[in-house]
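Encoded as structure tokens, the structure appears first; notes follow it.
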């Protein structure tokens, strides 16, 4: 089984041609023809993640965020991305990013987040999802619940005693989707990062905002993709193994 | 004493011509000739803040954020800003914004934040400040301390057991200033909002990042400006009174 | 009856979504929900016109030209438009502009102008109309006739002894429509303002040009709209009254 | 004496490198080396003017307006400019335009206009001039006077009974210079073409506007340049003769 | 028979509306109504070519390259194009250019080139053609053959002993079409000018490149158009004569 | 001795900060800290050149042309540059390009070309050089001489019997420098690639043009840089060895 085959399976779940303009999802480093035995999933291809990939003998890293957002003209140890890409090439590890295509996918990042927020009757499309809490609760109680589910600190941008029931959401830096929460008649909106002026606009519209961390709202969805891929592979009796990175968010690289 | 005179005093502390390109600091609504008895300071001119201003009989609101970021072609009740601006005109309240000029000012928003982080030997210019903690401490302990001082929730974007001592900072959505923290040899960086990819870059550079909330990192600096203005006015035996808004962040408007 | 209802009636006559790109027709100041008893029509919302509106107790001013052509970032007494808009808000007067949608409308500005030029068999669309004089006449005689009908001074940009019969026209600063007069086989073209190089091109094509004043070619069409509106309102037995401004063109404001 | 020499003399009076960006003053058609016996001055190089030039045996036409404003990719009889340029080449007539350099020049178009308006103590620079009437007079009376001096029809854009004394002016389509009239404390402003919204702004500022025709405000200044050139040539005992076009404004071409 | 008629015939063979964006094919100088007795075809309207046209009494020059690529604002002897255009006008010679429309045309420049390369089973569209050599040969032998057919020097950009059989081509500065040669499975590519980095990319793809000169790859196609036109004219029993320029490439003008 | 040291020596001869805007000279792939024993110089980092570098155990390739002209977003085997860059990283070979900085340098590419053209009294700067032949000769004879010296085929774009003596030149695709040849009073101009319309303009100006091949006009200058570097290294008693690539221009890669 080679990189191209894995790419094709991911493409079935989260088609790469659904990525947003300006995104850089796809095969970023390596070769479609490379043989794969072990795959590791991580939110970002940081140095600790590449260490981990090398340690488990992975030939492929699948991340949510593309390592290269901006185009580059050189590939040297003098830049952060240069060091990491050169490390991947020398370790002979390929890299695939599934970014906005995975955000949008059915069963993708945002659907996973909706489940972890305890929502039922979930609807929505593109980068937005909304649903109902089984029971109304205060903003404070809702924040405590999702903080526990997502293992994160939640910033409540609203009066804490407000009652919320209809919840809109968008993972990561998804604050700009707040207007869809208005259109959908939500009384609350969950995202990773929420800019101040979006929170002001939501307050004016009577919507409680909850900022839960970029990493913490996206990492569960990536783990779900890993699981789906492992299931697919088991079906075809492949002996490829799929790992999820155990590196905590914002780990520091080990350097002398 | 009229609006122009108050404008001139603020201009001495935080000159309006030092604002960034694209900012909209200055007299936004009203008339330079308007007589002023009561002034209220607030981070934003929201509907609850204008209610409060009307309630105390203020003729002037001074905010950090400009009510109008984008230019407009109409002034009707059909838009959020339109409703607020019309309300100000009908209540005969002028509005001054001191935004990036106050961020940059000596003794401004960022200097106030540095003091609340407990820093000594503070240096820096423009939107960046750095200084030392009197004693090294863990990232966790530092986060607890500033959380208490700023009355906020702090997101620690780093391993919590790291020791920090040299701290860089920029209030509000100041994450992009992290590179100055690198140049200054900091081991930690404090801001209101910190985007995920800035936090990744800081982790790679071995800098611990602390996201403390946009409102909470800026509101104290605005209160300090109010106090400075009151002091100035007392010197000239003016009977103008200066208030600081008591409206909590992200309050909802009272509507039927 | 409220502002929105009046807007809807005007929209039937001159649909606002037919305005040109870059125009700013529509509800510019005020609130759709405002109750209306008296309406005044004027070419421009100048200070003397707002004085007049206040004097007759109008809740709505309808103009041809939008008060705001350029977007604005502040609303203060320091600018011409700022002063006028603030005055409207304080007097609680709404403002609707029907500009290029009215130029284009059937029975709109240009059709009114065609009638005042004495044309028969009028055709054309968009901003252009053309028709025939019942009898051929010299350029000088035609200029005298329309000068009298429009109560204006006419600049004849052609040899005065030329005979004209087929007349094209476009109100206001409509000189650029001259090429349509060529296509339509006209021997004369009437507008409010005609730039020199358009007049040269017309002379080369053997077309006589007549510049009749921006105000004078448009004001009659606005009065016609007022009349149409009054008729509509009479049909529904409304007791709303419609006035046409009596302020002469280019009146000076009364100031101490 | 050749075209280059005439160009150099005009350059002394109205230096070509003082033309505005985007203007196209200079030698437009022909050859610097061409021998010149007869020169004709005209506001525009129209077909009747080229007929006249050919009739008097001119080798050089000097105009105010450049024949080519826009760049061209073809030179055929299918366009207006193409036909005229080809005619000039075939008649072996060179063409020089002195446009914005002549507007700005000392003793140029605007200074000539100031004299014809009867102004004394004239000052100003660039495209603006202002001065005093020896005696105050009504707007109506002033309009009558300049209408007679310029042999034109004057549109008075102000109440006719206003008293004017300090007069600002800019020839041609110079309405945008009205703000300089404000800065100079004028109570009246004269130009060739004045757009409606400039006239409104002037009315708001209490300035009476007078639109006198593009051709009529510029033609006298061009005739003055012709006279100055003839005087220069007489000094060097040249037998070159200088003519001023007798073709009326907006004449039609003679065509079968 | 006039210029328009000739234009129409050429338009049948190589429709002018198929020219590339930014090209300037069509009637460039002259008049559609001009009577034509003699026509001369040349790659470029240089001074020696215009001398030749005048010598044979041509009223029309047809070239491949447009004399005016860039738009111009003046028409004087001070520029290269100005001198040539003025010469054409004075000699009363019209000028038509058939550039990218002729490159693309069936039986046009590229089809003529394919024939001269000895290709069979020619296919392709737009600016690209490909076909087979009847027998495989070495790169060196192929270069010698086309050098002789095109009367030119050929630069071989490949190992000379490579065997070539399937040949792609694009006349003039057509090197950028090399990617079509890859798609078509060619082992060689012929053009007039081939930039170094295109040649490198071809070498990497195993394609031998042959640079044969801009003039030499295009001139035969123009001669073919001349012949086709003469045939068309003979059919209608016209007595118009068609010549092909005998001026060698890059001839110098005769000047004192 | 490491890559940085070699970079610094090249920087002395051809300072990298003198490169043109848009160029990409400098350290393109690898690490400044890498130890270097063997260096190979080549015009381009093609696959045959990297084979050669690997074969001789080079840690550094120095080329004239940057491998990456355009920025890239991925680094995979699916693109030409991707394959080559990945190969360099895996072979642990660094890559430096000295492009427009070497063209401009004293003793650089253009000075080497001037010597090979047999010029004396060479002057010039930037990308242009000019000088005299010791004896005048015909264009044909000059072409034969430089063809032999540069081991290339020369395209003569002029009448072959013209006498040339003062020669301007610019290596590579330097045809646009022809205007400097005019300014310098040259009667001939030598370059690698010369576009047709530059050659036409030169013919009009009476200058004979000689197109000698991009590779052939630049390769000698790169060999000269290699020699200069070896001399520098010998002076410091380094045991680093410098090679010049023996791969012919436009070699094909060896592939199964």
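As written, the chains take the letters A, B, C, D, E and F, and residue 1 is the first residue of each chain.
Operating definition for what follows: a contact is a pair of C-beta atoms (placed from the backbone, for glycine too) under 8 Å apart; a residue touches a chain by one contact, two chains touch by 3 or more.
Quick caveat, the model's predicted, so the values are computed rather than measured.
If you take subunit A and subunit C together, the chains in touch with both are B.
Graph distance from subunit C to subunit F, where chains that touch are one step apart, equals 3. Because subunit A and subunit B carry the same sequence, their contact can be compared by residue number, and over half of the numbers here are used by both.
As a whole-number value, the distance joining the C-alpha centres of subunit A and subunit E reads 57 Å. Per-chain CA centroids place subunit E at a distance of 32 Å from subunit F. One finds 68 Å separating the Cα centroids of subunit A and subunit D.
Along subunit D, no residue makes contact with two or more other chains. In the complex of the two chains, the subunit E residues touching subunit D come out as 24, 26-33, 68, 71-78, 85-86, 89-90, 92, 94. Considering their complex, residues 44, 46-47, 65, 69, 80, 153-155, 157-159, 162, 172-173, 192-193, 195-197, 199-204, 206, 209, 213-215, 248-253, 255 of subunit D touch subunit C.
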